[in-house]
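What follows is a set of structures to go through.
Two complexes follow with chain A in common, the first pairing it with chain B and the second with chain C.
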Partner chain A sequence: MFVEFGYGVLVVSLIVTLYSGITAFLGVRKKSTSLIESARRAQLLSFPLISISSLTLIFLLVNNHFEVTFVYEVTSLSMPTYLKITAWWGGQAGSMLFWSWLLASFTSLVTLRKWDRDIEFLPWVIVVSAITLAFFLFMIIFFENPFSRYWLVSGNVVESMFKPTTTATIFTPENGRGLNPLLRHPGMIIHPPMLYLGFVSFVIPYAFAIAALITGRTDDRWTRITRRWTLWAWLFLSFGLVLGGRWAYDVLGWGGYWGWDPVEIAAFMPWLTGTAFLHSVMIQEKRGMLKQWNMVLIILTYALVIFGTFLTRSGVLSSVHAFANSPIGPYFMGFVSATFIASIALLIWRWPLLRSETEMKSILSREALFLLNNLIFISILVVCFWGVIYPLVSELVTGFKVTVGPPYYERATAPLFSALLFLMAIAPFSAWGHSTMQTLGKALWKSILASFVLTVSLFFVYSTNLYALTGFFLISLVIFATLQEFYRGALARQKTKNENFFSALSNLMRRNRRRYGGYIIHISMALMAIGILGIELFQQETQGTVAQGESLNIGEYRVEYRELASWDVRSDGVNYTRAVVDVYENGIYLGQLYPRIDYFFDAEQTMTIPGQRSTFRDDLYILLVDWKSVSNSGATFKIYVNPLVNWLWIGSLVFLVGIIFAAWPDKEMEPVRVKSSAKQTSAAD
Partner chain B sequence: MKNYASRITHHLLRIAHYALLLTILFTAISFQFAYAQEDTPTDDEVNEVASQLYCPVCENRPLDTCPTQACHQWRELIRTQLAQGMTEEEIKQYFVDNYGDRVLAEPPRTGLNWLVYILPPAIILLAAILALQKFSGMDKAAENRINYKRDKKRSFIRIY
Partner chain C sequence: MKPKFIIGGVMILAAVAYLIFSATSASAERFMTVDEMLAEGPAIVGDSLRITGAVVGDTIQYDPNTLTLTFEIAHAPADFQEIEEQGGLAEVLYQAVMDPTRARVKVIYIGVKPDLLRGEAQAIMTGTLDADGVFHATELLLKCPTRYEEAMPEQSAHP
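Up next is the complex of A and B:
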């Protein structure tokens, strides 16, 4: 009964969504307020409907309804309740429902919040959102149905939503297969929702952009309305990527956080265009430029969001993430192509209206440097996109698949990321409109000198590697220059407002949240770059089989194998095999680490959990690779020393602080007279 | 005295003889040990090669970190091949011959695969050229504006 109910509600959701989209379209065409209002109400109804369907699925998951295919595939009796709930997005069909639920909730938020203010755009926002939502609901209902069941037909088990024959009976397996063990990690429980939140949030600015194109509003209204949406979308997507990296580091057992896997890149690509958009949209707001470019970026971001979902969900690129193959691929490809072509057609139609209001005057002006920053982001996107799709092209043309792995990406993107770091350091010092080498040099010389001194010091005490030194110079330049910018701003305010330095700094930051939040993010990026540089250039690894009491040496560390134990925890459905090793650094005992391998009975799969010792300087990362089960006397360990990698995680936390600071809502402005309003606008700028 | 001296010499010779025997034996054992060590490449030597190869069956997983039984066997195969004196390139070629180009971390630079290496830099270069043109145009425009203002000022001075 619950199954039919959940599915039925889903079908009703699709009908309601289609109705809202069509009615909104007709309402605008016929200028009918009642039709538009009806569309809005239908849209608002889609959210509770999809919520009811989702709750029904959660009920089935929690109560072990293994006759439901999805429940059988992602849960088992031994899984705790919280994991059964998170299994909602742990499989293909459920995650698509989760995607739809998020989109319905975001669109409802938009239509609920400022309906009267944004009435010009919102009917079109409903249309765009309804098209996207209807597509996803269609896919769920007809191809990836989470309510589909097992039936026993003449002794065979078949999968179907409804009774396939009159004699068929429901087949209920005794236990489910259980969630993929890799997805039971806390990082992985949060990582997918974060990515989905980021993906889906970007639909909203896209919908407003399309609304602006259709209505011919070529000013920056749509960007101002969606500014905060974009920031939050970017926050979720960024945090999802970072969490994914941390998850990979903790459970995938290869000593790294980013493997240039196609599915990682699928999530990274919309981040690249989203980041470029966040920068270039400022130029539109401040200078009235790059309107066409901003449209291109948001259209690309939306297309890449759907393309990313297609890559992860269609199974077209099998990888560690792509845990399912399904028949939805061609539909997804068709949808991405259709929406992309339609969006570009709209853009071409409105192209003349989107011309810049002013011209760039100087190559070193802030807008020119922002444009350069955008070109670099797009260059990285080109590298990533081509790297991801080339294996498919090769397979299509030659019939043979090839691997495009880390060497390709690292070689191509390293100079581009370095250029981005350089721009990150100098752009805040360039002025809008016009800047010269002289003015930039005058503003930056102290930071350049400090970075140079630091780099020379590192040459003597840390490394003589030229790449590392170049990287450290750029990183320190970003940090010093950004701190100098904070100092400069606070000092100026201290003088004009007669405040003490810290009040001046605090007030300055609060009054320019986006700008100073952005600077905090720049610092966080530099900190992350330290971690990336450390692990990329200085990582050490060794592997060996040792008997009890014997040691493996790596760098300044000695790892001595003490003992190994293996035991079952039936309630968890897991067998744990845990080694105990003593760690010494330059002969000094540091403590014990416990690398282990967990074997999950239901999924018949193992998970390697490293023993880690983390410091600011490096991570000692020990994996238990194998052991001699008869005597327990010998074990094989793989050991990594990952220098500076913790700066990556520290940077991630600073990043989070920065983006929350930037996206934090300001107090609602009181209605003010025109004169005061103009004054406030210029202050905010 | 003479007997005593010859006895000492005899003892010394015997000691030298045993010392020589021991040295030979020790050297032989050392050689044997070293030989055995050379015969069995270490995990690190195996991983050095395996890290340049991708698992032929599980997608996007370097062979050195792949936990499956099949990959374990392939690593053992690399160990055997190294012990037989095969070079890194020969081992990589063996895997390519048996499992295709997909085992390499990057497509080989042949035929269609050149597109991987040429297309992105070509697009980036094109974008850079377009950007440079825009920027140089920008400078010229700025220069023209300055010249225009200067000429206007001069003509103003000439008139008055």
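Up next is the complex of A and C:
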């Protein structure tokens, strides 16, 4: 009953979506307001329809309808209700439905809000969004159906949406397979929807970009309308990536947060183009330059978003081969290629309209440094892409499949990330149009001097590692230079407006949200870089088996094994084995930590939970590896000291503050309606 | 475009190309199955390799005092198409472990025993092969296909 209903509603939403896309297209071609209005209504209808279908799926998940394949795969009786709800995005079919639901809701938001103002773009936005949504609904209905069921056909279980034969009966397994315990972590529950929110939000600026290309309104109007969408998209995508890292650090028990595996890279690539886009649209708004480039970036981002959606959820992650061979892979490949080629064709058609209004003159000017920043982001993208496709290339060329691992990415990207840090420090001080070494040096010498002094002191008290010192120099330069920029701006305002320093600072920031939010984000990146540098260059580890009362030493820490207990919690379906250790630093007692191993009976899976002690200086990260179950006298531990890693998470929080500050809705000027494609100027950055 | 921008652009391109190529050659690893590795013979002893195979459950041994993990892997195909033709990853791994005629390689890994290590898991390992035919893994990735979306419910055998 519910199953047929959910599926039926889904089919209806596909029809409605197709209708809205086609009608919007015809409406603009025939200049018919009534057709366009009809398209808009159909578009608005798709959201409640997909919501109903999703609610039906959630109902099935919560009520243990294991005859439904998807429910069987992602839930089990022992899972709490909230986990059953979040299982909506716990498997491929459900997460594609979730994706579609997000897209329908975002498009509805766009068409509901400023319909009259953006009337010339919106029919095309509906077309682009409807094409994307229809593709996803099509894939769900025909290939990744979350409502498909198990049937008994002459003693065999088969999977099918509808009764496969007249004698078939529904088969209901007693219990579902459940979510892998490793994924039952709060970080992992919010991580996929965050990534998806980011992915789907980027569809909106893309849709506006395509609308701008088609209508020929190629001034900065589309970037202004979508400015906040882009920021929110970027916020969610960034936050999703950070949560994934935190999950790996807490759960996977290897003391790391990022492993450069293809799935991570698939989510990272749209972030790279998105970040480049976020920077270069400012050049378009301020200087009327890089219009073609912005189009390229948003088109690339869209393609990478679709690619990433597939790759992060398909389970066929090991190589590009697998991608092309999986049942839905060719469709995704086809869709990505088709939309990419169509977008590029549109771009080439409108290329002359997108010429720059000014020419770039000085190599140290603000716009040139922004362009350089873009090139570096794209270089990192190329490094990632090359790493992912290298097995394919090498097999074609040499006949051997050759893979590259994390060392490749680390070696190739470290200089590029360093260059980004350097640009973050100097770019805010360069002027639009023209800058020289002298003007830059004059503005920056105090920060350079302060960073140099700091680096020299670090050389004596912390580390003589050359890479680390270079990194610390760049990081401190970013922080000092950015703080100097805040100070400089506030001081200037204090003088002209006759305000006190702090209200000058706060007014300055609120009047230029994007700019100062951006600077807060720069500082957060520098803080995160401290953490990355610390764990990459200075991680220490030790391991050993100790009897009760004995200790392991690592750095300045001493870890003493006290006791161990093992017990079952039947209601959770888990056996917990927990060790108690005392932690001392230089002989001073700091407290106890409880590393443990959880064993999940239904999944026959262990999960190693570290005992962690975090400070600004370092993390002590203790894993229980093994224990002697009979005498309870000895246990084996692996211990890491991860210096500075906490700054990675602190930086992430500062980052959130910065981006929320930048994206915060305020009485910012609406994009002005102009009839010609004349350059718009504005006071805001 | 002024020439200085073009020169600058070319320099950046060259630097990035150099970065990519030097990093690739420094960390490239041949990816192979057990059969492919054994077919190469002593020529690849000591090379950095990435191999894949099916974990044989009975052979897993762990010495927590030295954190030494040893187990054997049996040859299993790695090509996606081949795996699909033979009935999916879970089936392929099961067959690999059950078939005594399959080539096997002993693996030594020093470190924490991974949560996902069990019989019929797919192991993907980076490391080197020594002259005695033992693979010394420095990195160990495991995939348990029963956790993925391809297996039918277990009750299907006795409805």
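Keep in mind that, in the parts below, the second predicted complex is superposed on the first by the 644 of 685 C-alpha atoms of A that agree within 3 Å, B and C clash if a C-alpha of one lies under 4 Å from a C-alpha of the other, contacts with A are read in each partner's own complex, and residues count from 1 in each chain.
Everything below uses one rule, namely that a contact is a pair of C-beta atoms (placed from the backbone, for glycine too) under 8 Å apart; a residue touches a chain by one contact, two chains touch by 3 or more.
Bear in mind the structure is a predicted one, so any value in this text is a computation, not a measurement.
Visitor: Tell me which partner A:397 touches in the superposition: chain B (first), chain C (second), both or neither.
Guide: Touch status of A:397: first partner only.
Visitor: Identify the partner contact of A:465: answer first if only chain B is touched, second if only chain C is, both if each is, neither if none is.
Guide: A:465: touches no partner chain.
Visitor: Classify the contacts of A:542 with the two partner chains as first (chain B alone), second (chain C alone), both, or neither.
Guide: So A:542 only meets chain B here.
Visitor: With the two complexes superposed on chain A, say which partner A:173 touches: chain B (first), chain C (second), both, or neither.
Guide: second
Visitor: Considering only touches as defined above, state whether A:363 meets chain B (first), chain C (second), both or neither.
Guide: It touches chain B and chain C both.
Visitor: For the three-chain arrangement built by superposition, which of chain B and chain C touches the greater number of chain A residues?
Guide: Partner with more touched residues of chain A: C.
Visitor: Touching A:155 in the superposition: chain B (first), chain C (second), both, neither?
Guide: A:155 contacts chain C only, not chain B.
Visitor: When the two structures are overlaid on chain A, which partner does A:407 contact: first (chain B), second (chain C), both, or neither?
Guide: both
Visitor: Going by the contact rule set out at the top, does A:375 touch chain B (first), chain C (second), both, or neither?
Guide: It touches chain B and chain C both.
Visitor: Let me test your reading of the model: by the given contact rule, A:182 touches which partner, first (chain B), second (chain C), both or neither?
Guide: It touches chain C, and chain B stays clear.
Visitor: Once the two structures are superposed, pull the chain A residues common to the chain B and chain C interfaces.
Guide: 253-254, 318-319, 322, 360-361, 363, 368, 372, 375, 379, 382-383, 386, 390-391, 394, 400-405, 407-408, 412, 543, 545, 606, 608, 626, 636, 638
Visitor: In the complex, go through chain A and note every residue touching chain B.
Guide: It comes out as residues 253-255, 259, 261-262, 317-320, 322, 359-363, 368, 371-372, 375, 378-379, 382-383, 386-387, 390-391, 393-394, 397-398, 400-408, 412, 541-545, 606, 608, 626, 636, 638.
Visitor: Using the touch definition from the top, list the residues of chain A that touch chain C in their complex.
Guide: That would be residues 66, 72-73, 91-92, 150, 152, 155-157, 159, 171, 173-174, 177, 180, 182, 253-254, 315-316, 318-319, 321-322, 325-326, 360-361, 363, 368, 372, 375, 379, 382-383, 386, 390-391, 394, 400-405, 407-409, 411-412, 415-416, 543, 545, 603-608, 623, 625-626, 636, 638 of chain A.
Visitor: Could you please specify the touching residues of chain C with respect to chain A in the complex?
Guide: 1-2, 4-5, 8-9, 12, 16, 19-20, 22-24, 26-32, 50, 62, 64-65, 67, 79-81, 84, 111-113, 115-116, 118, 124, 126, 139, 146-149, 151-156, 159
Visitor: What part of chain B is in contact with chain A in the complex they form?
Guide: Counting only chain B, the residues touching chain A are 42-44, 47, 54, 59-62, 65, 67, 72, 100-107, 111-113, 115-116, 119-121, 123-124, 127-128, 131, 134-135, 138-139, 141-142.
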